[in-house]
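Both of the next two complexes hold subunit A, though its partner changes from subunit B to subunit C.
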Partner chain A sequence: MRDDKIIICRCEDVTLADVKRCLEEGYTNFEDLKRQLRVGMGPCQGQTCSALIQREIAKFTHKAMKDVPIQKTRPLIIGVELRAIKDGAIDES
Partner chain B sequence: MKANQVIIGAGISGCSIAYHLAKKGMKNIVVVDKSYLTSGATGRCGAGIRQQWGTEANCILAKKSIEFFETAKEELEYEGDIEFKQEGYLILATDKPELDRFSKNVKLQNSLGIPAKLLSVEESLKIVPYLNTSAFVGATFCQTDGHLNPFKMTEAFYLAAKRLGVQFFFFEEVKEIIVENNKITKVITDKHEIDTSVVVNAAGGFAKEIGDMVGIDIPVFSENHEILVTEPIEKIQGPMLMSFTQNFYCQQVPHGSFLMGRSTPNQVHSHDISSSWSFLDEMAKTICHIAPKIGELRVIRQWGGSYNVSPDKQPIIAEAENLKGFYIACGFSGHGFMFSPMTGEIISNMILNRKNEISPDLFKLNRFSEKELNAVEQSVV
Partner chain C sequence: MKKTPMLIIGGGPAGLSCAIQAASLGQSVTIVERSHSLGGQLVKQTHKFFGSEKQYASVRGFKIAELLIQEYEKYKDLIEVVLDATVTGLYPDKVCTIVQNGRYYKIKSEVIVVATGASEKFIAFENNDLPGIYGAGAVQTLMNQYGVLPGNKIVMVGSGNIGLIVSYQLMQAGVKVVSVLEAAPLIGGYLVHASKLRRLGVPIHTSKSILKANGSACVESIVIADLDDSWNPIPGTEETVEVDAVCVSVGLSPMHQLLSMVGARILFIPELGGWVPKVSECHETSVDNIFACGDLSGVEEASSAMVEGRLTGLFAARRLLGTIDNDESIHQDLISQLEGLRSGPFGKKTREGLLQMKEEGQC
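What follows is the complex of A and B.
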């Protein structure tokens, strides 16, 4: 199957070909790929793509997967509406 | 190894300085960063660019920088998309005294050629229809303000600088700067020793620590400013919305997400960039008050970044008075991204002994010790 038909990040429609092109350009850590391609920035927060990309980085840099850091995990765990956060807030003022 | 200049920091300022120096013919320039490209404040910023300021110095920096951004894609021969849009900043006044202050700001901005104007509540609603009309009494708007993607803009400077021969060392940390007989002789990193007589401190949140390495006390501090992003939706908002008294900024980026941030009152001075529940809570309350419709959006991520703050909320762009060859570009107080073209222009001219159009006195390091301080910038979130 062609690399440009393989979707690595479903949130942002990033293909394996996109990832490989960025690796070739010298962006060989997850944080760089995230900023170039938006992988890990969509609603799933990298839950789908991070292991797939970690494997591509490991292959490209000849490292073990365990030695390839993935993106920083940030809150929130799932998407929450702003007004739900507001309504649930305790107003201490 | 040897270098003519060592630039510390590969954020937008360091990359712009490297590009401007190389473009003016300098060879053998090295940029050192302790992490990846845009890993510091640049990659964490709110992606806005504006000219609506309350001090002359900030207005001029901003205006000339936007003129650069308007042709940056061509000038830097960048193949990607810097996502530049000029749909304005709509800055809300929440009471009469603030509106009066804005009126003075607009006069200053207009006198410098910045096309800002005062708007009534009704006129503001024509630009952003879903504003809560009881939340503000008027606004100012400048169409040529807007948005720019920080990752892509920095990459554009970075790639252009690389093509001109600049070397970038990532994941490499400056440990020591050697000064002998009041002259810089060497920069020592955890991987190289670089002989050089010129160092540019563009270290953002860590600029003070770099100053300390050469015994120069830079009167800046770092503090965490938090920000969040929502899920992307179809385009509903053109301009950046902002209020100083309500303490927020909020824009829809071309990708469709809304970015919004606010400052934390009485924030401790530190390098902390963690995310807090209280920010999320306050941000949600603020935006639901100003624009209830935006409250329907889901937050997908929040993060923090360092503002590097100077006493008058305006940058230090200078050669140290007590150490020739030590150049400083810091203290942008949250606005280093939008001023970056001018930062590169001014520092490169200083290094090459060329005259700058804008008076360097406005940005000199020792201005804070003088009796007459610059006007302090009030238009800051």
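What follows is the complex of A and C.
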């Protein structure tokens, strides 16, 4: 099995090899991996990759799945044009 | 800023049922729905449902969506529907930000019901990004909604009810289903669905999975192998199967993002689909006046999502209206419907999951 041919985060085109390399380097939680690899920061906001990454972290750290938190979600959960936000600001009252 | 007493995020089986129930009690509500029609995943489901009459047994999924929409139309004065609108953020002061056709605006609400459903799980194998690899939801959308075949020769990965039903539908549509692969030692879905497939000559292989897809521009073949007790591939058992498509149906993950960003407590309960919001018996999350129902609070059949939606509609309306006529009898009826749906061997997983949820204590 070639880990560099296995896509884990399809939004940001991150492979299993990328994830394993970062785990080896000591980035062993989702928030760190996100900052290194942008996993969970694309259009689906981690909806697809988070369970796969959670499993890789659990395997690497020998923790139970329930003890491996996934990413913190923040607004906005889909891409929004800056113009739409600017125009929307008028409607504040 | 636009204001509404009760906002429902998601117009699928749970959200729509929730709106109908609340409106039938006199509560006005607003539904925000991402797609251009109500009904959620029901609109692509051509199979007949189980359950009893109240849960539309032996009616096809897309017909159930039509029936729910007809029921909603009776309460049109009380239910406002906002379509093509995605909630992009949820904030502790019960303000939602929404994008609708490029317009960005906010809605403030007293009570919010999140019914965002679940999304398909994905699996890791070599070349899992080749064209021709679909989720079962995409296959249903293409085939059942738009009449487009996903391929000519396909392998189904996953033998849960969705995998089995979609395999059968693929055969009906003239696609050759080479086999169904199941990583677990037992078939995941109902025997009645598995039997229908077997009668058509489709083998269902347990303890077997996909290792690799081959092809340059799209899938041309796949490599499958037997799995050991720890779900690791057994060397030497690999075989190559010629296909032009692969359908992945390995379960659903609740879409908890909006609740996670508002600080609601999220628990890991595999029996319910993975990360789910902790909800009370009244389906309220750990954030006051924010409720959750349907697949979001535990992946089940759409039948359960509809009853749970109605139940949550009752609880949310109760919060806003105070006393409700016939509250107790409506409550009891819905609770017993849910118990019925979750009884028997196939409800076991859900029952265990809900018990774990309960043991996690107060929200």
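Everything that follows uses one rule, which is that the second predicted complex is superposed on the first by the 89 of 93 C-alpha atoms of A that agree within 3 Å, B and C clash if a C-alpha of one lies under 4 Å from a C-alpha of the other, contacts with A are read in each partner's own complex, and residues count from 1 in each chain.
Heads up, the rule we're going with is that a contact is a pair of C-beta atoms (placed from the backbone, for glycine too) under 8 Å apart; a residue touches a chain by one contact, two chains touch by 3 or more.
Remember, predicted model here, so these are calculated numbers, not experimental data.
When both complexes are superposed on subunit A, subunit B and subunit C sit side by side without a clash. In the superposition on chain A, A:Q36 makes contact with subunit B only, while subunit C stays out of contact range. In the superposition on chain A, A:M65 makes contact with subunit C only, while subunit B stays out of contact range. Once the two complexes are laid over each other on the shared chain, residue contacts for A:L23 go to neither subunit B nor subunit C.
When the two complexes are overlaid on their common chain A, residue A:I6 makes contact with subunit C while staying clear of subunit B. When the two complexes are overlaid on their common chain A, residue A:I85 makes contact with subunit B and with subunit C alike. When subunit B and subunit C are set side by side, the one touching more residues of subunit A is C.
When both complexes are overlaid on chain A, the residue A:R74 reaches subunit B and subunit C alike.
In the superposed model, A:I57 makes contact with neither subunit B nor subunit C. When the two complexes are overlaid on their common chain A, residue A:Q45 makes contact with subunit B and with subunit C alike.
Between subunit B and subunit C, the shortest distance over C-alpha atoms in the superposed arrangement works out to 8 Å.
Subunit A residues 45, 74-76, 80-81, 85, 91 lie at the interface with subunit B in one structure and with subunit C in the other. For subunit C in complex with subunit A, the residues that touch the partner chain are 1, 86-91, 97, 99, 102-106, 119, 121-129, 211-212, 253, 255-258, 260-261, 268, 270, 274-275. Listing the residues of subunit A that touch subunit C in their complex gives 1-2, 5-8, 10, 16, 44-52, 65-66, 70, 72-78, 80-81, 84-85, 87-88, 91-93. Residues of subunit B that touch subunit A in their complex: 35-39, 43, 151, 155, 229-231, 255, 275, 280-281, 283-285, 287-288, 292, 294-303. Across the interface of their complex, subunit B is touched by residues 29, 31-32, 35-36, 38, 41-43, 45, 74-76, 79-83, 85-86, 89, 91 of subunit A.
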